[in-house]
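You will see two complexes here that share chain A, one where it goes with chain B and one where it goes with chain C.
This part shows the complex of A and B:
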């Protein structure tokens, strides 16, 4: 895992969160933040994931992300997928 | 013996309204524009309206959304949804519906396939990369998304549905709202005539069908929309949205709200016809049934707000029906000459136009009525006129042989 790449994906997810949830824009996003706690409903969560997948040109089945519990785990899953793991 | 109005009264009233059109957003701006005979016609420029084409129409300026609507929501709401939220907001505030029981409020959205332009933009944008189609498309492709949006944002908890009747949809929605209150399923029902957001596909087909103009005035947009004029060559599209609140006098009185007018009679008839062709007998039957229900004679109608789209065949047929029903004494103008044809929205917007003119005791002019098809009719032509209106009739016609008529009567004060 290159830390820089991981940090880039985290920054990407953060910007996607800001886009879908403009009310938290500028707020610090931490790895253990849950999207639900940031104000995301189920559609918002799907939109955030889709925006990240699109930016990374990833194809991930929704079921593969079903166990993801917080922002950090989402970033980990996207990172793993983008490195073919 | 006269009795006190109660929840069981059969008389229904309009107690609030909202409107958006390219000539004016909100009732005050809209009425001012109507009375001035303004227009906003030009070559349409919204993305998804052109594909090597140049269709004439009237497009809304930027919508100023009130703060009550979260930015998070608006990110995924298209033009039709924003227009519905905004007009409902205006009607809601006027009728003070925040003071009403949300469980007893219903919503009827008039219009079908109202977000075609947004869908075309989505299709074009995600062609070849379908995996990244935004999940909200799964909500927004359905017209009933407007019901979801509005009921969520205003806390409506009674019932909601969409109804369609082509270009009569907006008036069909008002009639359905009336039925729901009459039947007791809701105490208050709001009808929204949804902004029909056409893409170049629908515009092209409506031209091919011979319904939409304008070949004749392609280079003179201000002259292209000319209902009831000899040189008309079809309707001209205009973005619009309207909302009206329907209820009994007693429920309005509980919130201290004064009605605009009484919904005295209504009717919907069919021609048994899939085509765009109008039917004089079908339109006449709608007028007669609405008058009968209102217990009025044609001679008592002071003002007719016709469908009057500028259609080659539709306009003369409508005039024949109006004359045939004995309505030639009534003043007549054409709201679409100013707003353009809002399709699904038109019927509701024209109910609002009628209510505002009744309240102002003024009738708006008819743009481009240089050579009226029937010069003997009591036209309001170049300038607005002062006129007290006790009883008005507003008419809509839709493809598929749909005819509607709605009779509005001034309330006793």
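This part shows the complex of A and C:
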């Protein structure tokens, strides 16, 4: 995985988190942060996942991105899916 | 070609409810983003209420409007439920008895989580279209109850408790299906169905629920898109934004529907947030109205949405309504039909909103007492008398004074009576 691409996806997810959860805007987001702990309910979590999928033009079933436990795992999963892995 | 669809329908939301915000505060759940969930009240099934009483109380007002000759043409009774009370005997057998239907009537039950109601409707529609018994009618009753026990344990199957208890409701929708579709005329052949195996939510034990709510939400969204795309493949030229005057969604809770509609508008129409909100309020919100009184009705939910739209929409000219049904596990379908002024007049006679407004509000202490009392009517109960005190009557000022209540379970047989 290229570090740069991974960092770009992380930045994208972070901006989506800020968009869906205005209360945490500007706060540092770490890989091991859980979306739930940031105040996201299940509607928010799905929205964050979908905004990222749309920005990356990922055409996969959304259920393929279920089961991730924290922000880092979501970024890893998005990176893997966007590179056909 | 034979016309087909819903000749009459009614929705029954029980006799008691709790305020959802009060319940969430009582459970010390996070309510900071409560408004976003679009929840207000949820139906609480009392010990004297079960899938049979809900179903009968939804269907009886319809039957009371029929002549004996019309009633005797009901040749198919489909009960649709994920809240069965017996592995073999169907809820429909009791419905048949207490609704006084003709014995020359095919009676059976279908199960596919919250999709069951649509499965039943579509089978009834096909029965009418087949014309094997011209003029025959079908009665479809989608009826569900959640009694509240959650199975926990295990790492992967963890329900998001914050949503499950506040969103789970109870209720029934009854539909008379015939070749006189005065309330909702189905668009024949305009069906996009889609399904696959997924472990989102399920009822693996007699009175419990388990599942993964995030997976369920993502699967619901996938299915919403895929069923619409299949519908559009079969009905070329369909436009999500302009082909449907209203959209009736299966409604686990309103916030989920809002999210699904937003996703569809963004993905299919590249719509911006500022345009999506008014479109949601105009085409979708009327359908969420009754769910805000009942919580998730499960099998009857999409029909509760349809009824909300027909009761509160504008039908000076006929309007097309798109319906999205989803059942965990999963199977889903996008289909449509047309409603005219006659249909909305016919539905309004049943006073669904008035009935919902006349229910009794339970305090948290009363609610906890109902949960404890419900333990006496768990699945498999052999003998129990339901104490009259358990009926948290009065039933309010609904137009029908008589309602069916469960009085006793005697050697597994459920015994009911009409209560004033």
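Basically, the second predicted complex is superposed on the first by the 85 of 85 C-alpha atoms of A that agree within 3 Å, B and C clash if a C-alpha of one lies under 4 Å from a C-alpha of the other, contacts with A are read in each partner's own complex, and residues count from 1 in each chain.
Note that in this section a residue touches a chain if its C-beta (ideal position, glycine included) is under 8 Å from a C-beta of that chain, and two chains touch if they have at least 3 such contacts.
A quick note: this is a predicted structure, and the numbers were derived from the prediction, not measured.
J.: Looking at A:19, would you say it contacts chain B, chain C, both, or neither? Reply first, second, both or neither.
T.: A:19 contacts chain B only, not chain C.
J.: Could you look at A:50 and tell me whether it touches chain B, chain C, both or neither (first, second, both, neither)?
T.: Both chain B and chain C are touched by A:50.
J.: Contacts for A:28 in the overlay, against chain B (first) and chain C (second): which applies, first, second, both or neither?
T.: Neither: A:28 stays clear of chain B and chain C.
J.: Taking the superposition as given, does A:59 touch the first partner, chain B, the second, chain C, both, or neither?
T.: The answer is first: A:59 touches chain B but not chain C.
J.: Between chain B and chain C, whom does A:39 touch in the aligned arrangement: first, second, both, or neither?
T.: both
J.: Determine where on chain A the residues touched by chain B overlap those touched by chain C, and list them.
T.: 39, 43-44, 46-47, 50, 54
J.: Could you please specify the touching residues of chain C with respect to chain A in the complex?
T.: Touching chain A: residues 30, 32-33, 36-37, 156, 160, 162-163, 198, 212-215, 217-219, 221-222, 255-256, 259, 263, 266-267 of chain C.
J.: Mind pulling up the chain B residues that touch chain A in the complex?
T.: Touch residues, chain B against chain A: 70-72, 75-76, 129, 131-136, 139.
J.: Could you pull out which chain A residues touch chain C in their complex?
T.: 39, 41-47, 49-50, 54, 61-63, 65-67
J.: For chain A, which residues count as touching chain B in their complex?
T.: Touch residues, chain A against chain B: 19-23, 39, 43-44, 46-47, 50, 53-54, 59.
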